[in-house]
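So the structure is just underneath, and the comments pick up after that.
The first chain written gets the first letter, and so on, giving A, B, C and D; residue counts start at 1 in each chain.
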Amino acid sequence: MSSETIELSGHIIDSWTLPRAWDVIMDRGGNFTVEEMRIGIHKTEPSYARMRVEAPDDHTLELILTELQQFGAILVDGDDAQTMAVEQAGVLPASFYSTTNLPTQVRVKGQWVQVENIEMDVAVVIDAAHKRACTRPMHEVQVGDQVVVGHGGIRVQPFERARERESFAFMQSSVSTEKVKVLAIHEIARQMRETRDKGGKILFVLGPAVIHTGAGHYIAQLIRQGYVHVIFGGNAIVTHDIESALFGTSLGVDLRSGEQVEGGHRNHLRAINTIRAVGSIEKAVAAGLLKEGITYEAQKRGLKMVLAGSIRDDGPMPGVISDMAEAQKQMRAALPGVEMAVMVASMLHAIATGNVLPATVRTVVVDINPSVVTKLADRGSFQAAGLITDAELFLRELAEELSE
Amino acid sequence: MSSETIELSGHIIDSWTLPRAWDVIMDRGGNFTVEEMRIGIHKTEPSYARMRVEAPDDHTLELILTELQQFGAILVDGDDAQTMAVEQAGVLPASFYSTTNLPTQVRVKGQWVQVENIEMDVAVVIDAAHKRACTRPMHEVQVGDQVVVGHGGIRVQPFERARERESFAFMQSSVSTEKVKVLAIHEIARQMRETRDKGGKILFVLGPAVIHTGAGHYIAQLIRQGYVHVIFGGNAIVTHDIESALFGTSLGVDLRSGEQVEGGHRNHLRAINTIRAVGSIEKAVAAGLLKEGITYEAQKRGLKMVLAGSIRDDGPMPGVISDMAEAQKQMRAALPGVEMAVMVASMLHAIATGNVLPATVRTVVVDINPSVVTKLADRGSFQAAGLITDAELFLRELAEELSE
Amino acid sequence: MSSETIELSGHIIDSWTLPRAWDVIMDRGGNFTVEEMRIGIHKTEPSYARMRVEAPDDHTLELILTELQQFGAILVDGDDAQTMAVEQAGVLPASFYSTTNLPTQVRVKGQWVQVENIEMDVAVVIDAAHKRACTRPMHEVQVGDQVVVGHGGIRVQPFERARERESFAFMQSSVSTEKVKVLAIHEIARQMRETRDKGGKILFVLGPAVIHTGAGHYIAQLIRQGYVHVIFGGNAIVTHDIESALFGTSLGVDLRSGEQVEGGHRNHLRAINTIRAVGSIEKAVAAGLLKEGITYEAQKRGLKMVLAGSIRDDGPMPGVISDMAEAQKQMRAALPGVEMAVMVASMLHAIATGNVLPATVRTVVVDINPSVVTKLADRGSFQAAGLITDAELFLRELAEELSE
Amino acid sequence: MSSETIELSGHIIDSWTLPRAWDVIMDRGGNFTVEEMRIGIHKTEPSYARMRVEAPDDHTLELILTELQQFGAILVDGDDAQTMAVEQAGVLPASFYSTTNLPTQVRVKGQWVQVENIEMDVAVVIDAAHKRACTRPMHEVQVGDQVVVGHGGIRVQPFERARERESFAFMQSSVSTEKVKVLAIHEIARQMRETRDKGGKILFVLGPAVIHTGAGHYIAQLIRQGYVHVIFGGNAIVTHDIESALFGTSLGVDLRSGEQVEGGHRNHLRAINTIRAVGSIEKAVAAGLLKEGITYEAQKRGLKMVLAGSIRDDGPMPGVISDMAEAQKQMRAALPGVEMAVMVASMLHAIATGNVLPATVRTVVVDINPSVVTKLADRGSFQAAGLITDAELFLRELAEELSE
């Protein structure tokens, strides 16, 4: 039998951390003995538990400890985080520690150090000299990087269930379509106002249906009012936005009459071709060619707009990043300061954003298709509140609420 | 080889009637010879085709003719519609003619007579003495009823594609979620205003999500403004409506705060129990117990409200019809005068309504789930325009548009 | 401040009962003091907690206690369950106790008595003389019935998370479509075999898509092999089953070629008409008219088949119950002995069955549409394991697995 | 008034070409006069129509002609296709002709020349000297390329409805989930066998759910049997395939037990890291490290496998193309010879493939989510037959059918 002693503290009972930890141990075939337990009698008091975890073998114990760490467990006998040097660029040591998107600390020379730019599924590189630690995606590690391995000296701060009336709480219960959505939208509006007013950044991730459904001008309005600071999207959203600015159509459908005025993709291709001829979106704005829409407003206000290409793109539109490694790098670079993320009618870019977003960013995913929300949660973005509703009518209501 | 000569006339080319007729003949293994064809050269002129249809056997020919009838084909050598007397109550002659939901005429004593109260999948009973014909569901036929059999002497008026700018046309293309829905909603509002103003009746078919999402008061407003004349629904919509009027909740969720204030179904059961104690909805209104909501407004204005029970019902609420034959009878009785039907967030009652609704009633189905629209179309209500959107936000927009 | 002392015992920590109880208290604005707590140190030992629950007022306390009861909390100072006599047939005392679908006991003359035929959202009637208690739907209570009110003297046995490797566990996590379904199907097969072999009854709830997709013969096979004991369905499943037995089609589509051979509902109506002419399904089987299919096999083996009509029905087919109160009564009567329920491609009847099914019946819901599973869970059938897959291919695999 | 005379010939009535052409003209506000019409009296005879199309202005006429071209209309007074030289690399002349995915010819020096490698939404470049024409995406055009502009001298061969019993026909009707799918699967199997046996290539487009649901080995079997010649996918499918080959898991779920054995993405990252350490998939196979699975079999048999990265990728796995322009180029290069395409559980790559696939390639899209099929059709891949079913059970049935 292998064993290890761990500690858990905080709201480990009312945040269900302790029972979940016990589940993990038992589901994995381990066992445990509670050595000490102090339960907060009133709701504001934290609890504490120290327990010995046993498993039939080292591998199982390791699995158990890996999972317990996500609940905030730390090894009692823990020492500094162990590291190994990268020997081949873009290749991690086999036993590398793979992050979650929760706030994480590593012990460096006896001191707990916050891991910078936390995101899920990447490595942690330690700069012992400066007592710093930061995340690094596999393909970016360099020879000599000191990568955290094993799970000693790592502390993850679990997601505590909000006790006080939590704003997004009423959405987090389930992916139901039968709830009062206007209330949820007003709450999102309230949070956006609060975030903006205290100087936090708001990220919008947008899919092309925002334009197809004629809702682009609501986003444009939100930008003008200072509610949007970063935009992530792809070739389609920017192309249809510019198509609608230049020709009044989206995929050839006149956004004012709802009628098909041009066959399918032609205006869309014309929009790309027009901007390619000028050279760039910036030049199109400067030349007075592009005079409205999301892209125009974003350009005017100097917003960070990261447009990541995809294999299904036509064109592409100038400004769309064709190389995925580069696009991810730019997305990561745009995240510092983001405190809220609103993802509308986008699956690909919503999941991509979820991959690089810390769990502490308030995230809401709006889509008419419940599977988008399910998929995002399945891929680890558990913190995202899902709102199954119509993107167009959502944005209309949101813009109206925020225009007051 | 069996054969028969048929005629088609009207906008048989631009309504695609002729090519569809040819498809049917050939798909079924038949063949045809065009004996005469006159094509309208300009778009306003009707066309005419007479052709000999051949099939390898009588059964195949019959199948072909049955289908061609739905496109408006009539037998050149046609005589009066044939009838057979019902010999056993509730049982039709084996070769009975089964209706479509399209306007239909039968030839009675050499004269084309309109079939009254047309709906799909029922029999036609002829009263030769008075030269009248009307539909009758299988279980309602009585011994001696003269039921139309075969397909001679029957003329169906096909659904002609609207040539002039058709209001619902832009919705009819497909079950897409990526269209500008505000335009569609405004068009529906325009049609409702037009229908009301010329004295036509508007039918609303409502599912309980209308209440769960807090959208009941929009319907109440539409009733007060005279935009609703008939309501079809079930136990759930009426019960949750009354629950919300009495307790401010729907399924225990406070509609003003979005919070669960009562465990699940308790308030719902209390609402039913309260009305049962008083005796009926009418008495609850009269006693001043029920003072708001859809049911209250409907009661106040004397609307026809047909509430058909279902196997999943609790209670039931007084006024909900427990017997399905009786409920269908009341639904049919409420239809005369209905010129427009709006079905919101209801699958069961929407399909049930589709079954008894003539194709000439403008029908729009609003649901966040595309499968509802698909199912309705699969079950023969091809005329229904589908709007895949959020019921709550749809009603909000509709009520706002109509309040002006 | 109002207060009450409660006890919880059993696997209240690893079944998450205790943290959920605390959540409820705090979410509702109450507070608690743990008076005694004994935690099972090893996984097999039960735990115990006694705590004082406080709330700002009586109403809140009552709400809290109502919810805690669902987790198995009992009042320490509890006395016998209180009852009030029904004064009006079909109307409950206002403070009636509304059941859950969990095993429930009531204290009658100092003794805990099991409530018979437990199901959700109904009343409990006590026969003190015989120390018996049973559920009764609101509309069936008679004047003089002693109905349980309040929440003293009631003990609910919560759903404990299975610790040992639970067969349905891997499905219960979420409504995901991205899991290895063959494993789940084999597990369902194993459970069916086990249930049959020990004499338990298996209930199948079937929607018409089972026939439309040509999967009816798999059910027929399962019936022949003794894997089906009770069938719940509606007019559509029985009609299309008989349509396919008589004419080889379902909704007019030839099930062997996939081709439309008859226009829409005609064969379906012919099937109903044929059976109506004979008088009943029993007579049709006896007369050798009906010779295969689900209904035939069910009839042959004397299965209980409850066919509940609905407002969207044509016909109906003889044997389909038109009155909803009667249909619910027959469904309830067929449940004793049922230990497993498999619901395939049915929404209406699955929800209706969930309403009357105890939580202890192993339940699996199979549908290609995730919303069916979500809706069932939303309506209180939390115990149902959802399998999002193709009904036809599911039944094919299940039948193949069980044929060995 | 502007006008032009056009001709249509072939099965223009039974393929509904003529009525659709008239619709277009009238929907756009134009008018027409039929100058000559000859209708094939029997089903095998082609028809012919010559008509004068009028429109209120040149722009409208152009729109009409553009659409009519897609139905195969040619200008009677047509001359050679007009071209303009590209003046700026990657930028097309403003009036460039944008292709459909239908077979297309252009008139070069009085002779109709087939456009090579037809796909939708690209330009046509003419090499007049060699009387050749080929498609070129916007971003690949070079200065001096002679690009077709306007719509003279262009002939599109419309999609004629198959008259004889068409194999995929029964699937093409609608996105219904209520059909006999086993028949469709057997038909797909038959077509695959036929395609393989006559030397045609079969393309599979695969999403990661193929691996998550444990269906990877069915694809591996199909590869071994020679039924797969080209594979398109992304980072996820190849990574999970290799994860399952190396560790027996997909996203950490053991594919033999269905249990989570590793936390989320860890094994997935380990799989990528392992291959990165070796250098490439080829080396991993050569070194005996990778011994089973889709990638292994593809490698062994020298299949063309184009793996296009996406913004949501971890890693990426060596061999996954990070640059979208390069990935599209490789997809295009792999298409010649492909006669059938089977897309399973993939949205992104299915749409991307649809973009570059000629309409003449038989295409079937298999997904449990109807919206994938709808989206593909919305984006122009009208020829794709949709099968709404479970990918895992589909592949199981397909592999079983083809193993015989």
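In this section, contacts are C-beta pairs under 8 Å (C-beta built on N, C-alpha and C of every residue); 3 or more make two chains touch, one makes a residue touch a chain.
Nothing here was measured: the structure is a model prediction, and the numbers come from that model.
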Neighbouring chains common to chain A and chain B, by label: C, D
Most widely separated chain from chain D, with each centre as the mean of CA atoms: C
Mean-CA-position distance for chain C and chain A (Å): 39
Chain centre separation in whole Å, for chain D relative to chain A (CA means): 32
Numbers and ranges of chain D residues touching at least 2 other chains: 177-178, 369, 371
Complex interface listing, chain A residues touching chain D: 63, 66-67, 70, 88, 90-92, 94, 96, 98, 120-121, 137-139, 234, 261-266, 269-270, 272-274, 276-277, 308-316, 322-325, 327-328, 331, 347-349, 351-352, 355, 369, 371, 380
Footprint of chain A on chain B - complex, ascending: 170, 177-184, 208-209, 212-214, 253, 255, 257-259, 368-369, 388-390, 392-394, 396-397
Residue ranges of chain D touching chain B (in the complex, touch as defined): 13-16, 18-20, 22-23, 26, 31-34, 37, 39, 41-43, 161, 163, 174-178, 370-371, 374, 377-378
